[in-house]
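In the two complexes below, chain A is the common chain; its partner is chain B in one and chain C in the other.
Moving on, here comes the complex of A and B:
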C-alpha cells in the first residue's frame, strides 16, 4: 500500500511541476500575445491593447495568472483563446476525440504486432527468424511517425487508392469509414512504437525461457505452446508492462505531427496552431493535458504491474 | 577462461583492430552523407535557388538526378544544401546536450542527497512532457531562429544525457581506483576530469549518437509543421513539407527528403548500437 501512495504522490508532484514549467517557459520572454493577435490591424491604439490585455488577465502578476489558470482547471474553465476568443475547454473537447482514438489504436496495434513477433523471435534466439524480426524492428525504429505517414500515403492512397489520405470521420458518424481513415495513421505510429516493446519483451522472454521453471515444465511434458503462453509469457510480460507507459508517451508525441500529416483536427494539430499564433492560453492547457495523460498512463501501468505481481501485491514494496 | 562478458586481452585487441580497420557501413554511409552536404557545390553544378520555370516537376534521371521541384529547382542540390542546416542543428544540439547533460549528471552523482534529488527530479519533469510538445512550447516562447532551434533541441536532449552520465559516474566512482585516488589525496575535480571522465566517455558518446537521431527527428518534425527552419532557408524537414504539398503532382519530391531522414536516423541508431555493444566488454588484465 505504501508503494501505491508513494507512486500517486510522486505523479501528483510531477503534474504540478510540469504545469509550473510550461507556464514559466511561456512567460519567460516579454512577448505580448495580444499585440501578436492584433498584428497589422488598422487603427489599433494603446487603450484597445490595454482592454484586451485586462480581459485576458494578462495585466495581472504572473503568480496570480498561474493560480487562476490552475484553479480554473478544477472547474473545467481554462480561459479563452487569445486569438479566437473561444473557450479553451470547448476547443480541447472537440479536438480530444481524434487524438484519443489515434493513441489507443496506435498502442493497441503496437502490442498486437509486438507480442506475437517477440514470442516468435524468442523461440530460437539468434536463429534466422529472430535475426530477421530484430532487423525489421531496428529498421522500424528509424521511422519517425510522420515520415512513415507520408510514405504510407504515397503507397496506399496515391498509388493504389486503398485508404483515404486525409481527413477524420468521427466514430459516431460512420464507424467503417472512421476505421478506414485510422488505419494508415495507426500504422505510422506503430512502426516506431512496436519495436520498442518487441525488443524489450523479446529479451525478457529469452531470459524466462532459459530459466529453471520453464525447463521443469518442458520436462514434465508440457507442450511448447503451453510452456510459452502459460509459463514464460506472464513472467516476461510483467516487466514489459512499463514499456506500455513509454509507448503511450511516444504515441502521444508522435500523433502531434501525424495528425498534421493526415489532416486530423486533434490535440496535436491544435497545439501546432496555437504555437503558430502564440496563443498561450490554448497551448499551455493542451500541452499540460497531454502530459497529464502520459503521467496518468505511466501511473496506471506501474500500479497494474504492482497488483498483478503476486510477489508484491498487498505487501510494502 | 573468464566468465561471460569478459574476454582476454588478445581477443579484445584483435576485435579492436578489426573494428578500427573497417568502419561499419552505417558510419561510412553517414560520412558520405555529411561529406556530400559539406561539399555540395562540388557535387552538383546547380545552385539551390536556380529556377528553371520551363521544367517544373522534371522526372528523376538525366541532368537532374532526382528531378526538379515546382519551380524547376534541382532537388538533389536542394537536399544537399538543406542537409547542411539539418546537420548543423543536429550537431549543435548534440554538443549542447553533451556538455549540459554531462555536467548535470556528474554533479548529481557527485553530490548525492539533496542536490541529486533536485537535479534528477528536474530531469523527470522535463521528460514527462513529450519532446515534440515541449519543443512547441519553447518555440512559441523563444521564436524559431536557427540558434534558438539548436539550443532548444539541445536542452530537450540534455536530461537523457544527464541520466546516462549520472548512472555511469556512480558506477565508476564506486570502483577501487576512485577511492584510492581520494585516499591518496587527489582533488575531486581532478579525479573526475582526469580519471573518471575518460572511462565514462564511451557511454556518453553512445548516448550522444542516440541524441543525434532524436535531434534529427525533432528538427524535421518542427520544420515540417512550419515551426522550425523557416523558408527560404531549407532543411530536410522544410523540403519534406514542400514535397508534401505536391504529393499528388510528384511523389518523388516528398520521398527524397523522407528517405534521406530515414537513412540518417537508421545509420545513427546502428552506430549507437555498435558503440553500446563494444562498451560493455571488459578487458581482463593479466
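Moving on, here comes the complex of A and C:
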C-alpha cells in the first residue's frame, strides 16, 4: 500500500513540476503572441498592442499568469486562444479524440503483434526464427513513424487504393469508415512501437523459460504450450508492463507526427499550429495534457504491475 | 531379482561437444534408495536432469538408454514424455525458492500437477492437493492452498515441491540435492519426510547429494561419481566400511572420522577435479590419487565387480589393519588379500 501512495504522490509532484517547466520554457522562447497575431497587418499602433496584451493577461507578472492558468485548469477553464480567441478547452476536446483513438489502436496493435512474435522468437533463442523476427523488428524500428506512414500511403492508398490516404472520420459518425481510416496510421505507429515491446518481452521470456519454475512445470509433464502460456508468459509480461507504459508515451508522441502525415486534426496538428502562432495559451495546455497522459499511463501501468504481482500486493492466506 | 523400475544404461551427456556424463549405468529396484554422491561438477545433477529430459541447450544427451519399465525415455517424443514425467517419474530440485512459479498459488501448482495426468473435477483436485499438503506437513493445508510461494519458508517450499512430485504416485523420485539450499535444522526434517513418504508409497528414490551423512542415513546403495563416471557402487554399509576406490575411500574416511550423523560437506581432497574436456587418459582420478602407478594412465579403466561392489580401479584399496599408505586408510580397514591379482575382470 505504501508503494501506491508513494507512486501517486510522485506522479502528482511530477505533474506540477512539468507544468512549471512547460510554462517557463514557452515564455523563454523568442517570439511574441501579439506580434504573431498581428503579423504584417497595417495601421497597428502601440495602444492596440497594449490592449491585446492586457486582454490576454500578458501584461501581468509571470507568476500570476502561471497561477491563473493553473487555477483555471482546476475549473476546466484553460483560457482563450491568443490567436483565435476560441476557448482552449473546446479546441483541445475536439482534437483529443483522434489522438487518443490513434494511440490506443497503435498500442493495441503493437501488443497484438509483439506478444506472439516474442513467444515464437523466445522458444529457440538464436534459432532461425528468432533471428528472422529480430531482424524484421530492427528494420521496423529503423523507420520513423512519418516515413512508415508515407510509405504505407504510397503503397496502400495511392497504388492499390485499399485505404484512404488522409482524413479522419469520427467513430460516432461512421465506425467502419473510422476504422478504415485508422488502419494505416495505426500500422505506422506500431512499426516503431511493436519492435520495442517485442525485444523487451523476448528477452524476459528467454529468462523466464530458463528459470527453475519453468523446469518444474516441464518436470510435472506440462506440454510446451502450457509451460509458455501459463508459466513463462505471465512472469515475463510483468516486468514488460513498465515498458509498455513507456511505449504508450512514445506512441503518444509518435501519433502527433503520424496525425500530421494522415491529415487528422488531432493534438499534433493543434500543437504545431499553436507553436507557429506563439499561441502559448493553447500550446501550454496541449503540451501539459500530453505530459499528463504520459504520467497517468506510467502510473496506471506501475499500479497494475504492483497489483498483479502477489509478492508486492501484500500477504494473504 | 525383481525387474528394475529404472534402468540407466551407458548414459552419455555432453555440453556442446564436451562430454560431461561419460557412460553412467545403474539400476533401481522397486522401492530402492540409491545415493549418487560426488563433488560438484561430477555430473550428478546432469544425470538426473537427463533422465527427466529436462536438459537445456547446449546440454544434451548424446547416448545411452533410460529404461523406465519397458520404455526408453530418451526415445520418446515431447508429448509422450509429458505423459510420463510427473506421473511415473518425478523430481525434486535443489532450490525450492526458485522452483515454484511466484505468480501462482501453491494450490494451483499442486492442482496442475494432478490435473496434467488425472482429469478430475476441480473440487476433487483441490481436496487432493490439500491432502498432499497435509501429508508433507504443511499446517492448515486448506488455507495454505491459496497462499503464494513467497509466503512460505524455504523448508515449507521444499515440502510443497515434494507434494507436487508425489501428486500422481510416481514409481521413481529423483531428488537433486533436496536439502542443500535449506538451513541445517530443516535439512533433517525434509530428509525424514522424503524417507517416510517414499517408504509409505513404495517409491524408488535416487538421492543426489554431496552430504555423505545424509546419504548414509537414507540410502540402501550408493554410487560415487567422479568426472562424469561412476567410480564405485556398493551397498551403503560396505562403502562406508570398506571403500575400494581411492577416491571414494578418501571421501568416506573424513566423514566417518567425524561420525556419519554430522552433516558435513565433502572433505577436501588435494588437487582439483579435472575440467570437462581436459579429462586425463586412463583413470580420471589418477593425478590426485596417492596410489596411482604408470599403468593407470594406459587405458580407460572399466567398472568391474569386486566383492559384491562395482569398482573402477586397477589398484583398489584392500583393507588390512594398520596400513598407512595414504591418509584415511588407517582406521577402518579390514583384513584382505593385498593383491590386485584377486580381481578377475569378467566383463
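Quick note on the criterion: the second predicted complex is superposed on the first by the 311 of 317 C-alpha atoms of A that agree within 3 Å, B and C clash if a C-alpha of one lies under 4 Å from a C-alpha of the other, contacts with A are read in each partner's own complex, and residues count from 1 in each chain.
Rule of thumb we're sticking to: a contact is a pair of C-beta atoms (placed from the backbone, for glycine too) under 8 Å apart; a residue touches a chain by one contact, two chains touch by 3 or more.
Computed from a predicted structure; not experimentally measured.
Model built by superposing both complexes on chain A: chain B and chain C fit together without a clash.
Between the C-alpha centres of chain B and chain C, as viewed from that of chain A, the superposed structures give an angle of 80°, to the nearest 10. After overlaying the two complexes on the shared chain, residue contacts for A:309 are found with chain C alone; chain B is out of touch.
Of the two partner chains, chain B is the only one touched by A:17; chain C is not.
Of the two partner chains, chain C is the only one that A:215 touches; chain B does not reach it. More residues of chain A are in touch with B than with the other of chain B and chain C.
Using the contact criterion defined above for the overlaid structures, shared-chain residue A:175 touches neither chain B nor chain C, since it reaches no partner. In the superposition on chain A, contact of A:263 is made with neither chain B nor chain C.
Contacts of A:223 after superposition on the shared chain: chain C is touched, whereas chain B is not.
Minimum C-alpha separation, chain B to chain C, in the superposed model: 9 Å. If you check the complex, the residues on chain B that touch chain A are 121, 124-126, 128-134, 136-142, 213, 217, 220-221, 224-227, 240, 244, 247-248, 251, 254-255, 258, 261-262, 265-266, 269-270, 273. Against chain A, the residues of chain C that register as touching in their complex are 52, 54, 56, 78-79, 81-87, 90-91, 93, 95, 98-105, 112-113, 116-117, 143-148, 150-151, 161, 164, 167.
Per the touch definition, chain A reaches chain B in the complex via residues 14-15, 17-18, 21-22, 25-29, 31, 138-139, 141-144, 146-147, 150-151, 153-154, 158-159, 165, 249-250, 252-254, 256-257, 260-261, 271-272, 274-276, 278, 280, 283-284, 287, 290-291, 294-295. By the touch criterion given at the top, residues 210-213, 215-224, 230-231, 234-235, 238, 308-311, 315-317 of chain A touch chain C in their complex.
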